[in-house]
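You will see chain A twice below: alongside chain B first, and alongside chain C after that.
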Partner chain A sequence: MGYMPKFFSYRAANTLLVFVGLILFFSFFTPRHVFVDPRNITSLSKLMPDLGIVALGVGMLMICGEFDLSVSSVLPLCAFIFISLLKANISPFFALGIALGSGALLGFLNGIITVKGRIPSFITTLGTMMFWRGILYVGSHMWPIGLRAYLPSGSVFERIFVGKIGGVIPVQIVWFVAFGAVLGIILHLHKFGNWIYATGDNREAARAMGINTDRVKIICFMIVGVLCAFVGILQLLRMETFACTQGIGFELKAIAASVVGGTFLMGGIGSMMGIFLGAITIQILENGLILMRVPVFGISAFIGLAIILFVILNTYIEKRRAR
Partner chain B sequence: MVSIPVSKKSEESLVKMVNIHKWFGKVHALKGVDFEAKHSEIVGLVGDNGAGKSTLIKVLSGFHLANEGEIYFEGKKVSITSSSEARRLGIETVYQEQALAPHMSISRNIFMGREPVRSLGFINKKVMNEESMEALESIELHLRSPDTLIAMLSGGERQGVAIARALHFKAKLVILDEPTIALSIKEAGQVLEFIKQLKKEEIAVVFITHNLYHVFPVAERFVILNRGETVADVKKEDTSIEKLSELIIKELSTGKAVSK
Partner chain C sequence: MARKRIYLLSMTILAGLLIGWVVSQVALAMTPPDVNPQKPTKDMYFRLVTHGGDDPFWAVVHKGMLDAAKELGCKADIDLCGGDLALQQKRFKEAVAMRPDGIALVINDDTAWDKAVADALAAGINVIGMNNDDTKHDAGNARLCYIGQSERRAGLMVATRLFEKAKKLGWNLTKAHVAMPVEVPGAMYGVVRSQGIQDAMKEYGITSFEIIDAGGLESSTVESRETSYLLAHPETKFMIGLGGIVTDRVTDSLKAAGYKPGEIIGGGFDCAPGTLTGLKEGYMEATIDQQQYLQGYLGVFVLYLMKKYGFAPNIDTGGYLVDKATLARVVEELSPLHIR
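The block that comes next holds the complex of A and B.
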C-alpha cells in the first residue's frame, strides 16, 4: 500500500486534514494573525477541554450505539454538588470524589433506564436532561455561588485542575490529552473496547458471542457521567463561580464533535483520535470565525454547515473503504 | 467382540432431543419433535418456512426454553437455558446475518467476546491475528490479512469466518441456520466445502435450509419438519433428492404425517 491510500485508510485522516487546513486558514486570514497569537492559543487550551472532555465520553458512547443528551444537566448538577459540599466544610478532594461518584451514578441511571426499559437513549436522556435541570434549578434557586468564600486562591487542589505548567501551559489541556489517551487505549487496545465496537456494530452478534451488551452500555454511560462531573468542576474552578447555566448546549455540540471526528450515529464506527480532533476542530472553527469578525450569532450557521459536510464526507469515505 | 473405537464413536449420539414441545401463546410450534445428531455427522434439517426448524434450533442453542421434552448431550441429560450454556457444552450456532460485526476486522470478529489478553485485559493482537489466520486456513479459507473488515468480504467468505470461529473454539456441534440463503451458486459451493472441513475435524453439523439442492450433496441424514412435527428422518443412502422433495410437497398438500 502506498503512503497516501494508507493514510486515508485511517478513519481520523479526513478530520486531521480539515483540522490542519483550518489552522492554516485562520493563521493566515485572521486580522493581524491573531489566531496564532500566544494569548489566543492559551485561552483556547483553557476553554477547549471543557467541551472536549465531555465529547470524548459522548463519542465513545456513540460508538456503542447510544446517545447522552443529559450531559448539559449532569455537568452543572455535579458542579453544584461539589460546591455545596465545599460550603459544608468538606475537603475539596473528598468533595471531588463525591461529585465524580454522583456523575457515575447519574450515568448509571441513564444506562439502566435505557437497557432495562428498552427505550432509545435519545428519549431516556432527553427526559433525564429536563428532570435534573429542574431539580438543579430548584435546589440552587438559580443563584450563582462564588468559589472564593470556600476555597482560597492558589490552593494545591486548584492548581491540579486549572493551574499552569511552568507558568505557560494550562493544565486543562493536559487533562484533555490524558483523558483522550486513556480512553483511546481502552477503546483500541483493551478487550472492553472490542466489546464497545461489537455492541454498536452488531448487538445481536455481540450478545450471541456472550458479550453482556447491557453492561457495556451502562459502563459507557457512567464514563460520560464521570467526565461531565469532572468538567463541571473544572469550569467552576476556572470561573471561580458556580452557575446553573454551565454546560448548556454541550449535549448537541458533543455529538457534533463526535460526528465531525468520524463517529457514525448508528454506532460501531469511530475512533478516539477522530473524536479528539473533532472536538478541537469545531471549537477552532468557532474561535477562528469570531476572530475573523463573523457576527457571533451567525457562527452556528457555519458549524451547522460543517457538520453536514463532514457527515457527507465520512459516508463517502466509508463506502470507499468497504469496496 | 472386537470394538472399533472410531466407528463406535460415530454411532454414538452427540445430541438427542426427545419429545420437544414449544408453545408461543396459543401457537403450538413444536409438537413433540425428536431430533438426533451423531458424532461428526452432517444432518440436514429441512422444512418449509414456519415448519419449526428455527424454533427447534433455538431451543438447542439456548434462545428458547422448551415447554416439554428432554435434551441429552453426550449421553447426559442437560438443560440449556442460555446461549452461553450451549456454548459451554460445545454447541455453536452460526446465523446468517447475526454472526458478525461488519465494520470490525476478521480477527476481532473471530475473538469477539473471547479476546486473548495479556495482563489487565489488554488484547494480545499478535496471538489474535495468528490464531485467526490458522483458524481460516484450517477450513481452507485463504484471506490476505486478519485486519480486513468483514464488510469487504463476500457472503461466502463471511460464512467461512463464522464457521472458522466455531471451529477455533472447539465446538462439537455447529448449527448453520440457512448458511446459503443469500449466496450466489459459487459462494454456496464454497460454504459446502467449509462444512466438509468441519466433518474432517470430527465436528457434527446441523445444516438448516429449505433448499434441498444445497444440503443434499453434503448431508448424511435428513430430518424433515412440517408444521411442528418430524415427518421424516432418513439416511442419504435410503433416499434420493426426488423422494425427499416429493415428501415435502406431499406433506404440504395433504398435511398428514407419514412415518418413514
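The block that comes next holds the complex of A and C.
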C-alpha cells in the first residue's frame, strides 16, 4: 500500500488534515499573525484542556456505544465536593482523591442504571444531569466559594495542576496530552480497548465472544466521571473560586468534539487521536475565527456548519472504507 | 344603499373594537392591587418568577427572599428558568394557577408578558416587576410597580466613570473602541445596559463599539472568547462586561492578552470574585452593584405590604458604583454573608 492510501486508512487522518490546514490558514491569515502569538498559544494551552479532557472520556464512551450528558453536572459537583473538603481542613491531596472517587462513583451510577435498567444512556444521563445539578444547587446555594481562604497561592498542589513549566507553558496542556496518551494506549493497545470497540460495534456479538459488555460500559462511564472531577478541580484552581456555572454546555460540546474527531454516534468507530484532535480543532476554529475578526455573533454558525461537514466527511470516508 | 349599510356597520364594529380596547387598557392600567388586611401573615404565600439561572447573582436574590419571608413569617418560593422565556411563561402560568398572594416577575420581554400579567391582575393576583422591567415601564406593562435597577442608567453610570478616567489620562476618545461581552446575546438586560453605555459614548464622542457573544455562562468559554477578541482588536480601549460572569472574566482575559493594569480600562456589572480581584489589582475601574439582595428582600416585603395595605411603590435598588475605594468597606464585609 502506498503512503497516501495508508495515511488515509487511519481514522483520524481527515481530522489531522483539517487540523493542520486550520493551523496553517490561521497562522498566515490572522492579522499580524496573532494566531501564533505566544500570548494566544499560552491562552489556548491553558483553556483548551478544560473541554478537551472531558471530551477524551466522552469520546471513548461514545465508541462504546453510550452517551454521557451528565458531565456538565458531575464536573461542578465534584469541584464543590473538593472545595467543601478544603473548607473542612482536609489536605488538598486527600480532597483530590475523594473528589476523583466521587466522580468515579457518579459515573458508576450512570453505568449501572443504564446497563441494569436497560435504559438508553441518553435518558439516564439526562436525568442524572438534572438530578445532580439540583443537588448541587441545594448544597452550594449557588454561591461562589473563594479558594484563597483554604489554599495559599503558589502551593505545590496548585503548581502541579495549574502551574507553568519554565514560567511559560501551562501545565494543563501537559495533563491533556498525558490523559490522551494513557487513554490512547488503553483504547488501541490494551485488550480493554478491543472490548470497547467490540461492545460499541455489536453488543450481542461481543457477548458471544465472552466479553462482559456491562462491565466495559460501566468502566467507561467511570472514566468519564473521573475526568470530569479532574477538570472541575483544574478549573477551580485556575479561577481561584468555585462557581456552579462550571462545565455548563460541556455535554454537547464534548460530543461535538468527538464527532469532529471521527467518532460515530452509533458506537464502534473512532480513535483517541481523532478525539484529541477534534477537541483541539473545535476550539481552534472558534479562536481563529475571532482572531480573523469575524463578527463574534456569527461564530456559533461556523462551528455548527463545521460539525455537519465533519459528519458528512466521516460518513463518506467510512462508506469508502467499507467498500 | 346596501353598500352604505355595510360601510356603517363596519365603521360601528371598528369603533366598538377601538373603544373596547381603550377601555380595557385604561381599566388594566388602573387595576388596583388585591388587598386583604385580615389575612394572617403566616397564611400568605408569594412567588418570584425569574429568568435567572444557576449563578451567584440569583443566589443572593434567593437569600434576600428567604430572609424577608423568615422575618415576616410568610412563605415564598423562587423559580429560576435559566433564560428560557417559554419555561418562564409556563412557570408564571403555574404560579397564577396556585393563586398566591402576589407574584414578583422578571419582565424580560416587552410584549411576551403584557397579556399574561393583565390576565393575572384581572384574576385578582398582585403582580409586580422585579430585576427587569418593560422598557416603557407602566405604560408598557400593567404590573403594579417595579423593584430593581434602571438598567440604562446603570450602563450610563459605569461607562461614564470609565470614560472620565480615560479623559483624565488624556486619551483620545474619538479613536477609542469599546468591547461589550455578554453571556446571552439579545437578552434584555444586555440590550438595555448597552444602550446606557452608548448614551455615555455619545457624550464622550466615542463611535466605535462591538457587542460580543461570550458563548454562555461557562467561564472557560467566556475567558477564551474575551482573550481572543482582545488579541484580535488591539484598538480596544475599554472592555465593559454586560453581565456578572463576563465581567468576572475580564481581568483574567486582560492578563492573558498581555495587558498591564490600566492599559485597557475594564468595568461592568456585579461583584463576582474575579471582578473584585480586578478592582484590587487595577484592571477594573468600577462595577455596578445592583444590590440584588434588595430585589429578593423588598420583592417579598412589597408584595406583603401590597396585600395588607395596597402599597405599590417603585424602588430603584441599583446604581451603586463599586470601585477600589469602596470595595473593602462595602463589598468585602458583606460578600461572605452572601448579601452582596
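Operating definition for what follows: the second predicted complex is superposed on the first by the 322 of 323 C-alpha atoms of A that agree within 3 Å, B and C clash if a C-alpha of one lies under 4 Å from a C-alpha of the other, contacts with A are read in each partner's own complex, and residues count from 1 in each chain.
As a working rule, a residue touches a chain if its C-beta (ideal position, glycine included) is under 8 Å from a C-beta of that chain, and two chains touch if they have at least 3 such contacts.
This structure is a prediction, so every number in the text was calculated from the model and none was measured.
Visitor: So if we stack both complexes on chain A, do chain B and chain C clash, or do they fit?
Guide: fit
Visitor: Can A:Ala198 be said to touch chain B (first), chain C (second), both, or neither?
Guide: First partner only.
Visitor: Counting only touches as set out at the top, which of chain B and chain C does A:Gly117 meet: first, second, both, neither?
Guide: neither
Visitor: Among the partners chain B and chain C, which is in contact with a greater number of residues of chain A?
Guide: C
Visitor: Just to be sure I read the superposition right, which of the two partners does A:Gly21 touch: chain B = first, chain C = second, or both, or neither?
Guide: Neither chain B nor chain C is touched by A:Gly21.
Visitor: Taking the superposition on A as described, I'd like to know which of chain B and chain C A:Pro152 touches: first, second, both or neither.
Guide: Once the two structures are laid over each other on A, A:Pro152 reaches no partner at all.
Visitor: Between chain B (first) and chain C (second), which does A:Leu189 come into contact with in this model arrangement: first, second, both, or neither?
Guide: first
Visitor: Return first, second, both or neither, reflecting whether A:Ile211 touches chain B, chain C, both chains, or no partner chain.
Guide: First partner only, chain B.
Visitor: With both complexes superposed on chain A, which partner does A:Gly304 reach: first (chain B), second (chain C), both or neither?
Guide: In the superposed model, A:Gly304 contacts neither chain B nor chain C.
Visitor: To be precise, I mean the smallest distance between any C-alpha of chain B and any C-alpha of chain C in the superposed model; what is it in Å?
Guide: When the complexes share the chain A frame, the smallest chain B-chain C C-alpha distance is 36 Å.
Visitor: Enumerate the residues of chain A that count as touching chain B in its complex and touching chain C in the other.
Guide: On chain A, no residue contacts both chain B in one structure and chain C in the other.
Visitor: What residues on chain B touch chain A, complex-wise?
Guide: 83-84, 87, 93, 95, 98-104, 108-109, 111-115, 117, 120-123, 125, 149, 151-152
Visitor: Touching residues of chain A toward chain B in the complex: what are they?
Guide: Chain A reaches chain B through residues 189-192, 194-195, 197-198, 201-202, 204-211, 268-269, 321-323.
Visitor: Quick check: in the complex, which residue numbers of chain A touch chain C?
Guide: Going through chain A, the ones touching chain C are 30-31, 34, 37, 39-40, 42-44, 46-47, 50-51, 133, 136-137, 141-144, 146, 235, 239-241, 243-250, 283, 286-287, 290-293, 295-297, 299-300.
Visitor: Enumerate the contact residues on chain C facing chain A in the complex.
Guide: Touch list, chain C to chain A: 53-56, 58-59, 62-63, 185, 210-213, 215-221, 223-225, 227-229, 231-233, 245, 252, 256-258, 272-274, 277, 338.
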